[in-house]
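Order of writing sets the labels: A, B, C and D. Residues in every chain begin at 1.
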Amino acid sequence: MTTTAFIGLGAMGFPMAAHLARQAQQQGGPALVWNRTPGKSEAHAAQYGTVGASLPEIAQADLLFTCLPTSAEVEEVMAQLTPHLKRGLIWVDCTSGHPDAARRQRTQLAERGVSFLDAPVSGGTGGAEAGTLTVMLGGPAGEVEAVRPHLAFAGKAVHVGDTGAGFAVKAINNVLLAVNLWAAGEGLAALARHDVNVSAALEVINASSGRSNASQNLIPQRVVTREFPCTFALGLLAKDCGIAVDVVNGVGGSAPLLAQTAALFRAAATAIGAGADHTAALKLIEQMNAQEIK
Amino acid sequence: MTTTAFIGLGAMGFPMAAHLARQAQQQGGPALVWNRTPGKSEAHAAQYGTVGASLPEIAQADLLFTCLPTSAEVEEVMAQLTPHLKRGLIWVDCTSGHPDAARRQRTQLAERGVSFLDAPVSGGTGGAEAGTLTVMLGGPAGEVEAVRPHLAFAGKAVHVGDTGAGFAVKAINNVLLAVNLWAAGEGLAALARHDVNVSAALEVINASSGRSNASQNLIPQRVVTREFPCTFALGLLAKDCGIAVDVVNGVGGSAPLLAQTAALFRAAATAIGAGADHTAALKLIEQMNAQEIK
Amino acid sequence: MTTTAFIGLGAMGFPMAAHLARQAQQQGGPALVWNRTPGKSEAHAAQYGTVGASLPEIAQADLLFTCLPTSAEVEEVMAQLTPHLKRGLIWVDCTSGHPDAARRQRTQLAERGVSFLDAPVSGGTGGAEAGTLTVMLGGPAGEVEAVRPHLAFAGKAVHVGDTGAGFAVKAINNVLLAVNLWAAGEGLAALARHDVNVSAALEVINASSGRSNASQNLIPQRVVTREFPCTFALGLLAKDCGIAVDVVNGVGGSAPLLAQTAALFRAAATAIGAGADHTAALKLIEQMNAQEIK
Amino acid sequence: MTTTAFIGLGAMGFPMAAHLARQAQQQGGPALVWNRTPGKSEAHAAQYGTVGASLPEIAQADLLFTCLPTSAEVEEVMAQLTPHLKRGLIWVDCTSGHPDAARRQRTQLAERGVSFLDAPVSGGTGGAEAGTLTVMLGGPAGEVEAVRPHLAFAGKAVHVGDTGAGFAVKAINNVLLAVNLWAAGEGLAALARHDVNVSAALEVINASSGRSNASQNLIPQRVVTREFPCTFALGLLAKDCGIAVDVVNGVGGSAPLLAQTAALFRAAATAIGAGADHTAALKLIEQMNAQEIK
């Protein structure tokens, strides 16, 4: 009987923990949850039959999932858990974390007989609710395969490399999202100034070679509507872009376009607000062009 | 009875003219073709029953399509046609041309009672053969609607704005293709240096938010395979990026990411070769990172 | 006896025309002046003994200098002058103009027996008053040498190439000013966020390898003091950066850093105001970093 | 009587240690030197009367200077020195190091009663030989003032902030050098393609607002002459640019121009060679433009 635990009941973690709980309950194992603000774990317990637990109780689970804003929060919670950790525990970190932190954490946890895998997810809150997230796994193949059957929230899980590789791929995915989004914003702002209808332009681009997830989904649904619903914060995407730049620099690589994009998203997070939706970065483009994208 | 004519039987134009010819023949009208190298028109005539014609004969058509490398070639052919042009002819230019040229050409042709629409296409040689191209039409609504039934090579045709708007949207689409392609190349080169498997990384990115036509189709099919089949030349994409920059600057816009991308593609066309496939631009990234993307 | 004329009595032109007038008077020749707002020419006449003249009178001079905001204004005034131009007149355009305009204007004026040289100046209002401007001359060597003795406002005059080369060099000079200024702004903003004293940082940079005219003069005198005195408008520098990008693209060149800088100055002119001093571009950096540079 | 020690007799350190030795000898104190390759310390001892010493002997000095390629080499030598370090020793690190390393080293050394100041230098091998280097000091004011009289190799020494601030300012200075150099290279390559004489263009730029140390000294002396004499390696400047990017990112700053420059210098170090002179970065621009800068 496997005890599953989940730390971090945010917009992503809350539904992810529900999928894990459902699977655990089918297999007769308990599902523990913890959140910094206890109200969230009470709500989760009421809604999904999970058990709100203390960190020392969490530390006795067999399988621990974390999904927190950044690796810094993972390190904080790790400092509190460490004295209590059960040998043999497998820690699956779904945070969009930093590859350097993954390597450090794996080394420190190994000293206590605990395994650590980086397993960030993509698919947004919609994918988390539907249980169709894409998981990018970093770590030794054997440990990855052992964890794979437990990823109840996943539609696809791919082993991309050694420890840290999952975080690295996630960071690159997110900086590509940022590039594709920003570039489309620049192009559409210019077309709008030419009195081209933005929706007509999107229609043809999305039937053409320049299309991306940003042009197909994000801009029509969030920018052109002027809704900018906050499901993924601009400050977090700016942080992910910074990790991507570290990934490039960490191997002595050269990525001028990614570097510039990371700087522009940092500027947008500062000028527009880190708490806005990530698509609100395009408001900085609008200021730079005195032109709304709609 | 409508006489249709087509100038420019290149990789795109050859199958496009075939679709037009088929439609013309169904309606009983002749389909004339012309190409700078006459062998191409003879081959087209033999294969599709079109008629290889002289430029003065072409100038007497009702509906003239052009599909040439750049607006410069359109202006050359226009200089030769002008003395012979029939009043009332409608000229549909499918070249990936320059918006400034479109406005100039429309004005000059109007003096001779000839109408001009910019109507660039997207979809590659595959779309041209299948007759599923996306057409971006610029010009007055009435003229656009009059031409629409004749676009036998199109899967989708969208009126995006006044004269030049078609070329502007095409240029922005192509610079977005360039951005998405180059950025994915930078990110994958860094991951490869981290010993991440490039195909595994593409698999997750293509199931995630960073996906684009470049990551889903171009890089797996052309770069990772090391084939770089030349269906769209790097020099032409670099030229399109330059038009996109002109589109931005022409309205006093600011697009730092597009501007940098245009400069990098110009560098790639110079350093790698203008005649290589557009995806071979990533070979410059490989040199900058001493790392193959595979 | 040479009749000298001057069009464009702005912040630069007013003192430049004074130097020309002084030289003309020593040689016994009249010095005519014209400005779109006539009050300026009256003031100049009163102060320097020049003669406020009509455009047809100006067109009868032997030597005509223009110093206007952009080539567009030169073309406007040229349209008015053309019917009246004396054969043999030499037109020296000190505007920070566009190389394409220079070539067009030289060709058009040649048809009327009038010579045209591009001769932009550098040195600011201080240099104009002191008569120590640097002049960059474009045109045939013989015509350049014939004009050289008449450049009474110059401290240095260099023949840099054929028609348009003067404007090209001026545009490159100005985009380098823009790059050096913006980069120093980015670096100092980061240091200020690290609680490094900006003036101490400037002191060492200016004694080190990273120094430039921007770090040595502009930032200490205009930015750190928060004065931003408007002697050279941000909108004009953004325009010059755009010309520099055209210079690069016109020869199929690749200049990613200049391209990005031009885009950022265009953004600054839009977001901060085209009429502010060019150093006020750094206020956009301050917004992007939530940090004053002082 | 003060015992002075110097580690790192490279192109900069060799003459710097000579100035320190001269001052020490005047004051009657011994001057010890150490280098990884012992031949260098023997040559220094023979030439300047210094004493080649072992690392344990060095660790007993009162004042220790280090001047090594990067903070990594400083950390290696620190690991060897640490067991032997005399309490009260003051360690002045003239390496172009990393601010994070400075803070880490200061903390670790403080545990052993040893003080650490970051004190990078600018001025090149010429300044080192002449004893006119500019020193950027980071650390508490009292310790900085105590060290100031001993900086025999300095023409100017400025206290720029707390621990790490010296390294931060040095990194920003060097990335500004990189920006100014690269931008001038891009601009001159474009002018050369326009058949403008590069030396004439440099002459006017250097008398105008776009001038910088790069345009005034480096490019005329090293690039236009095609000599590229290696006094400061491209790989080291690329490393410094990387530190500058870390300085920006460490405070959540946005510096798109510096970020792009760092990526381009990393590409140049990879494509041209890390061991070439830093000005040889412009050879990558030459490849991107198919144009020599001369």
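The working rule: contacts are C-beta pairs under 8 Å (C-beta built on N, C-alpha and C of every residue); 3 or more make two chains touch, one makes a residue touch a chain.
Each chain and its UniProt protein: A, B, C, D = NAD(P)-dependent oxidoreductase.
Keep in mind that this is a model prediction, so the values were computed, not measured.
*Asks:* Taking contacts as defined above, which has more of them, A-B or A-C?
*Replies:* A-B
*Asks:* Please determine the option from A-D, A-B or B-D whose contacts repeat those of C-D, over half of the contact pairs being identical by residue number.
*Replies:* The C-D interface is reproduced by A-B.
*Asks:* Per the centroid of Cα atoms for each chain, what is the distance between chain B and chain C, given in Å?
*Replies:* Those two chain centres are 40 Å apart.
*Asks:* List the centre-to-centre spacing of chain A and chain B in whole Å, with centres computed as mean CA coordinates.
*Replies:* Between these chains, centre-to-centre, one finds 37 Å.
*Asks:* Find the geometric centre of each of chain A and chain C from their Cα atoms only, then give the gap between the two centres in Å, rounded to an integer.
*Replies:* Using C-alpha averages as centres, the distance is 51 Å.
*Asks:* Where in chain D do residues touch two or more other chains at once?
*Replies:* As it turns out, chain D has residues touching two or more other chains at 248, 252-256, 260, 264, 266-267, 270, 288-289.
*Asks:* In the complex, go through chain B and note every residue touching chain A.
*Replies:* It comes out as residues 99, 122-124, 134, 136, 155-156, 158-162, 164-165, 168-169, 172-177, 179-180, 182-184, 186-191, 193-197, 200-201, 203-205, 207-215, 244, 247-248, 250-258, 260-261, 264, 285, 288-289, 291.
*Asks:* What residues on chain D touch chain B, complex-wise?
*Replies:* Going by the criterion above, the answer is residues 256, 260, 266-267, 270-271, 287-290.
*Asks:* Quick check on the complex: what are the chain B residues that touch chain C?
*Replies:* Checking each residue of chain B against chain C gives 242, 245, 248-249, 252-256, 259-260, 262-264, 266-267, 270.
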